[in-house]
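So, here's a batch of structures to check.
Each of the next two complexes has subunit A plus one more chain, namely subunit B in the first and subunit C in the second.
Coming up: the complex of A and B.
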């Protein structure tokens, strides 16, 4: 179980993640956010790659940042990342079979073999002799997934794993992830800006805006009856085959407000209360939402 | 009025056919989309309209504004390229000189095309307003603007230079969905109000279905299906088109709950 408690993260003067609570229990959770929302920073912190300013990342009952060397090595094996671009994650000079063997050796494992891992992700074991540039984007991403699986992790942190792929290739990689996570009983956090991808793979989702989770709950409920105006805006901006042209999502370049609700400068429902007071997350039926006007947003739809 | 007309275009490298397009027309105010996956030849098709495909054997005819792009003189090409036809790519920020403010970039581009002084100021103000940017953006450097702003600035630059056709290669693929919606809305307005024509190359079928009037589906260099977008998406005839449409991940439909 991987848990974030009131996590505050940042690089410069201003934090980019302001007090996020998140727990990865069983199955998959989605983390939806746009550029600059802090989603990748959050992913890095969950992998123990960034020291939190405050708050904690816990693996089981242990705080990741306080782990000793041996414990940390075990954690690194148990929680594996899969990032967007397979060509950056693989050593360009190594044959992909050797990249997988290296991962096995680092974690002192002999099983499963490279061929078995490549077969598990739907690749011909003969591809082990190729270098990354000799593979297609979809094949490379499958190799990255095979390497992540080599060390038999418990949890995957998937950061935009299919964003660089063609749509038919994306569909196949999503099928693969769906199958593998079910077969191997893996927990995963799927980080993406693509709501449709989340709705396919994740039963629960969290929507991140400007470093805060503004809505959490069952993915289907979030996307069919959003309680936060930002969730609604994201959903309505997704083009659909046979659907209407998306409305103009106004003022996307408005910076998050420093006082009151961070979303209020883009929000169609914002009023005086939103300017005066930042909404705290609260439970509303099947979800948690940080919006003063969530009840109205829910009934308006 | 047809602005671009391609007939029997064939781009080959050795024996390999990179793009084979029997017919492609773009009329004023129209949006025509070429869809396909990596390696389908969609970008090659777009670049050949600008005469930018080199090291390949090209046959067929490519007419833009009544000029045969393949045989035109350099000076005739210059009147069309970068003026009447503008290319907008996935990441315009990379194409903008990082040491110049956006206003300076625009002024210099206009000057190269012989526009200066009050006329340059007028065109700049109009173009920036047309893409719904604030004039203050002109004082910024390329790295100080967001991806969506940079993409709209690229459109403003094209408009100021008098573009009538935009060739757009995956113009919103690097953008967030809300920002993409904004760029799409700007393009829609420019088509309606100024008769701007758009030739869009994209792998995003859902996007294409909501913006394009006509669509060509390409696979491994060949056009497998073409027609009015509404028809192609409602009743795809080619199995590959059907496969592409089926692969688009979909959002759950809203439950019709009244409570």
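Coming up: the complex of A and C.
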């Protein structure tokens, strides 16, 4: 069980993530947001790669950043990332077999072997002798997945795992992830800007805007009846063949932090209250939403 | 390796020429006792200042030693100085740089500020000061030049290591729990080394020039050691009357520095792993 409690993250003067609560229990959860929303920063914090400014990341009941040696090794064996681009996530000077072997060695595992892992992700074991630049994008991403599986983790943090791939390759890699996570009973957080990906792989989803979770709940409910205007906007931005062209956002920035709703500059429903007071997350039926006018949105549609 | 050589010969003739020249110079240093026409230090005042001819291709110097022989032996001194200086300054600079780049934070700040202090001194001046304090010798030259050269490697390595450390494969290794020293040597260093190798090769020429300058000023190699800078110093007064004494060692310095530079430029283009064809 991986949990974020009131997590505040950032590098410079302004935090990038403002007080996110997230819990990753069983199955798959989606984290949806546009670029700059703090998705990747959040992923890095969940992996224990950066220290939170405040708040905590807990694995079980222990804070990840404060773990001792043995505990940390156990955490590393249990929570693994799959990063966006295999050409970035694999050392370009190492043969891919060596990258997987490194994962096995670090955790003193002999099983499964490199060949078996490559087969599990649908690759020819002979590719172990290649270097990353001698593989296709889809093959590289499969190698990255194989390396993550080498340590037999319980949880995967999938950070835009298919965004660097062609659409047809994307579908195959998603098939693979769907099959592997089901077979191995893995929990995962799928971070993406792509709603189609989330609706396929995640039963619950969280929508991140400007470093805050603005809506979370069952993925299907979120997409069919969005309560937050930002969720609605994301859904309507997906182009459909034969459908109307997606609306374009005139403004793409978040309102300055401080008072008020961060989404108000782009929100079609924004009124005086939204400028004066930041909406706190509240439970509304099957979901949690941070919007003053969520009820109207739910009843109107 | 052979494939890389073929590629170099095909695509970058200048760098390949540099490589060939350097190989020839290395051979000359190794084989000097056998190929040199005369003994290294055999003054024969009767033969002083003979012009180039069949007996002495490059003429003789003011005490009657064969200039060609002195140049061949001088290559030993110059290459020894260049290689030792590069090894010493790279060992110090690369180690500090890669640690600074990977660790970041205050460790990086401390290392880089110390580096800045060394860089604040003009290199030749610092070398000169050190060479004056220590006794003039080849070892002094190596220490003096290394003292001014390592900060560049620290800086180049730190910059490369910082950018490499932010790559997803370093994050992946950290997420696997790979110990920090292994991450540094397996993931960061090999990928941060390209600019350093290029820099080393480009600098070899500069170091030979600096070493020659120190010897020229009388702070480096001493008689009877054959050293190109020393030979230039001794020959310069004779330039108008006996041009060969200063010209040939000067050309040797020029050609060697040039060869290192073209090789460095060539290395820069072939060392990018994504461009290597196997």
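Descriptive notes on the structure:
Operating definition for what follows: the second predicted complex is superposed on the first by the 295 of 301 C-alpha atoms of A that agree within 3 Å, B and C clash if a C-alpha of one lies under 4 Å from a C-alpha of the other, contacts with A are read in each partner's own complex, and residues count from 1 in each chain.
Heads up, the rule we're going with is that contacts are C-beta pairs under 8 Å (C-beta built on N, C-alpha and C of every residue); 3 or more make two chains touch, one makes a residue touch a chain.
Small disclaimer: the values here were computed from a predicted structure and weren't measured.
Once the complexes are laid over each other on subunit A, subunit B and subunit C both fit without any clash.
Of the two partner chains placed around the shared chain by superposition, subunit B is the only one that A:200 touches, whereas subunit C remains out of contact.
Partner contacting the larger number of subunit A residues, of subunit B and subunit C: B.
Within the superposed three-chain model, A:238 lies in touch with subunit B and out of touch with subunit C [touch as defined at top]. Contacts of A:35 after superposition on the shared chain: subunit B is touched, whereas subunit C is not.
Shared-chain residue A:12: touches no atom of subunit B or subunit C.
In the superposed model, A:68 lies in contact with neither subunit B nor subunit C.
When the two complexes are laid over each other on chain A, the CA centres of subunit B and subunit C sit 70 degrees apart as seen from the CA centre of subunit A, to the nearest 10.
Looking at the shared chain after the overlay, A:224 reaches subunit B, while subunit C stays out of its contact range. Put simply, subunit B and subunit C get as close as 15 Å, counting only Cα atoms, in the superposed view.
Subunit A has no residue lying at the interface with subunit B in one structure and with subunit C in the other.
The touching residues of subunit A, counted against subunit B in their complex, run 34-35, 136-137, 166-171, 174, 193-197, 199-200, 220, 223-225, 233-235, 237-250, 252-253, 299, 301. Residues of subunit C touching subunit A in their complex: 167-169, 171-178, 186-187, 190-191, 273-274. Residues 37-38, 146-149, 176-182, 184-185, 188, 203-207, 209-211, 233-234, 243-255, 257, 259 of subunit B touch subunit A in their complex.
Interface of subunit A with subunit C (complex): residues 44, 47-49, 72-73, 76-77, 79-81, 83-85, 88-94, 99, 102-103, 106-107, 131, 133, 144, 147, 151.
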